[in-house]
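The same chain A turns up in both complexes below, where it pairs with chain B and then with chain C.
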Partner chain A sequence: MTATAAGTLWYAYAVVGPVDAEVRAALGGEFELVGSGEAAVVAGPVDEADYGTDVLAERLNDREWVEQAVQAHERVVQRLLPVAAVVPLRFGSIHRDREGVAAFLHSRRDDFVATLARVRGRVELGVKVWLEPQEEQRPPAAATSGREYLERQRAARERHAAAGAELDDRLRRIHERLLAASDEGVLNRPQARELTGDPRRMVMNAAYLVADDDAFVAEVERLRRDEPSLVLEVTGPWAPYNFADAPER
Partner chain B sequence: MSTVEAPSLREQVTLIDLVDRVLNKGVVLTGDLTLAVADVDLVYVGLRVLLASVATLEPGPEGAPAT
Partner chain C sequence: MSSRDLAANGPARSLSSGPAPGQLADVLERVLDKGIVVAGDIQINLLDIELLTIRLRLLIASADKAREMGIDWWDGDPFLSGRRRDGNELEDRLRRLEEKAGLPVTGEDR
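Let's look at the complex of A and B:
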């Protein structure tokens, strides 16, 4: 499949390495390996009618299409995860032809080999921390005078600020303990309620690069006991999406 | 090192977790025909509306073809 059929583009899913029989078996006949040895790009054909630059933006507004496309991307990455080190590429990494994929790999090969070594034998685990609704501030009761109202507002603001600072402290300690149980960690912006559809408020949304997932999950269990008013949720194992870019040099 | 496989963890994946990673993370490549990252970010803003009621996705069977 070196020739590219008309109306077909090359979608690059991930970089893997080293390439061996297991990797080839995991991919089956559906996907191509561009490159060999320590690092290769896993790519496959997609329809230009969906992924051409002029239509992709439109497609991304179609929720069902996005669901399927994102899941298709993730399925390829998940196939590779048990058999090789994987550096996932961002959605929509598209090339005109095989030569385009090869040129891209060539330009970044050293970075990829280094990143593959950094993530080898590790997975990404997500940790979300939720605050139960009863933990949040209740609005003050109705005031009988304007002065009382303002006074209550001020007291509520002070309580709110103190509670916020205390919560930040607890979350910082949680993050520190999880960093100690992992290689690296990143704090992402908590997901908004409109996105999660959850009555609870997400107060922490982190990802960790983990070599020993049993030890990491055990530390999460200890944190759950130490912080009974917070809800800790672990997701994954993911490919190292949050750790795919080489550290700044 | 312990097992990389932890299937019990991967019982349910929310669409927003998936979108957050696949659309927002991962290596950005530049190629002859690469969707500009800025475009995705802009579109992602629009997606926030689309994803307002977020479904929990059941993972497909292991190794299911990506169709």
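Let's look at the complex of A and C:
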């Protein structure tokens, strides 16, 4: 029944504020603002045939569909980022109708206004640190005897442990310096190679809430000079996904 | 690196022409895992979202491989304490029905 109902549902992308002509212009005719003034929800229609209760569970098994839906979500958020403070919502905030969207805004409006104030004039920048393959531990050379083999194994393990502790220290210092150049920062789990498609190993995956992006990038540049054997990558600007807080969880 | 380079590395450019694999990972990480959680009227409910993120992670990195690399996001995750490697439709349905009926959920008691 769900698929044949051919209804339209309301998908909420983000909370923005304050609402002005620029925000309205950025949305064009495709998306609607629910609410006004200091905080409003940006929502748009989605097809019940994709986002209905039972269908969606099926769709979530389809990796391509999920990737496209997630990118569509991010595109809407990116449209808003240059024109207003944005609190991005997580994927899948879906409401039956406009009143449903209005009700959730109403229930948490004070939180949203406070969060909008905290992130206003700031962007999220991602910083990833990569280890070049040649920086990683090489396997010990072929041994001529069992004893030599075991000794080499042990030496390799010790080197590996020492290198790991040393790397942790360097990464901690990098994070501290980037925290000093930002309002807030979080360390996320480094992404797996299968996810990044990169031959290098990611050893740090951080996000920072940044007011002065030139100063932040200048600090990254200094870190690159100080740590020539590490590859520092900056991504963004993103909406403050990592700093939106999730009081319900 | 200037802020111009920064903008050129940003998601906007990549998304308009389809993101590079690394960029896609960043978008998935943020949109699925971060941001404010709002329980909508349509209960794709948090359960389905949990399953979604787990499935995505497993599509991308098998659990064993990931553990080998020191990734253990799901160790504290009730859905993954078992062998939930791929979407087991029957199990999902059973769990949903049990929930609707207010019964203790199977699959969390392993």
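Quick note on the criterion: the second predicted complex is superposed on the first by the 238 of 249 C-alpha atoms of A that agree within 3 Å, B and C clash if a C-alpha of one lies under 4 Å from a C-alpha of the other, contacts with A are read in each partner's own complex, and residues count from 1 in each chain.
Methods note: a residue touches a chain if its C-beta (ideal position, glycine included) is under 8 Å from a C-beta of that chain, and two chains touch if they have at least 3 such contacts.
Values in this document were obtained by computation on a predicted structure and should not be read as measured data.
Colleague: Report clash or fit for the pair chain B and chain C bound to chain A in the combined superposed model.
Modeller: After superposition on chain A, which the two structures share, chain B runs into chain C.
Colleague: Between chain B and chain C, whom does A:P228 touch in the aligned arrangement: first, second, both, or neither?
Modeller: A:P228 contacts neither chain B nor chain C.
Colleague: Contact-wise, after the overlay, does A:V76 reach chain B, chain C, both or neither (first, second, both, neither)?
Modeller: Touch status of A:V76: first partner only.
Colleague: Looking at A:G29, would you say it contacts chain B, chain C, both, or neither? Reply first, second, both or neither.
Modeller: Touch status of A:G29: no partner.
Colleague: Classify the contacts of A:G146 with the two partner chains as first (chain B alone), second (chain C alone), both, or neither.
Modeller: A:G146: touches no partner chain.
Colleague: Looking at A:V220 after the superposition, I want to know if it touches chain B, chain C, both of them or none. Which is it: first, second, both, neither?
Modeller: The answer is second: A:V220 touches chain C but not chain B.
Colleague: After the superposition on A, what does A:P199 contact: first (chain B), second (chain C), both or neither?
Modeller: neither
Colleague: Please indicate which partner A:G121 is in contact with in the superposed arrangement: first for chain B, second for chain C, both, or neither.
Modeller: first
Colleague: Residues of chain A that sit at the chain B interface in one complex and at the chain C interface in the other, please.
Modeller: The answer is residues 9, 12, 15, 53, 56-57, 60-61, 63, 66-67, 70-71, 73-75, 87-96, 100, 104, 115, 125-126, 188, 191-192, 194-197, 213-214, 217, 234-238, 241-242, 244-245 of chain A.
Colleague: In the complex of these two chains, what residues of chain C are touching chain A?
Modeller: Interface residues on chain C, with respect to chain A: 1-3, 6-7, 9-12, 15, 19, 21-44, 48-49, 51-52, 55-57, 59-61, 65-66, 69, 71, 73, 87, 92.
Colleague: Okay, in this complex, where on chain A does chain C touch?
Modeller: Checking each residue of chain A against chain C gives 9, 12, 15, 51-53, 56-57, 60-61, 63, 66-67, 70-71, 73-75, 78, 87-97, 100, 104, 115, 125-126, 188-198, 213-214, 217, 220-221, 233-238, 241-242, 244-246, 248-249.
Colleague: Which bits of chain A are touching chain B when the two form their complex?
Modeller: Residues in contact with chain B: 9, 12, 15, 26, 30, 44, 53, 56-57, 60-61, 63, 66-67, 70-76, 79, 81-82, 87-96, 100-101, 103-104, 108, 115, 121-123, 125-126, 188, 191-192, 194-197, 211-215, 217, 234-238, 241-242, 244-245.
Colleague: Enumerate the contact residues on chain B facing chain A in the complex.
Modeller: Residues 1-6, 9-10, 13-35, 37, 39-40, 43, 46-48, 50-55, 57, 60, 63-67 of chain B touch chain A in their complex.
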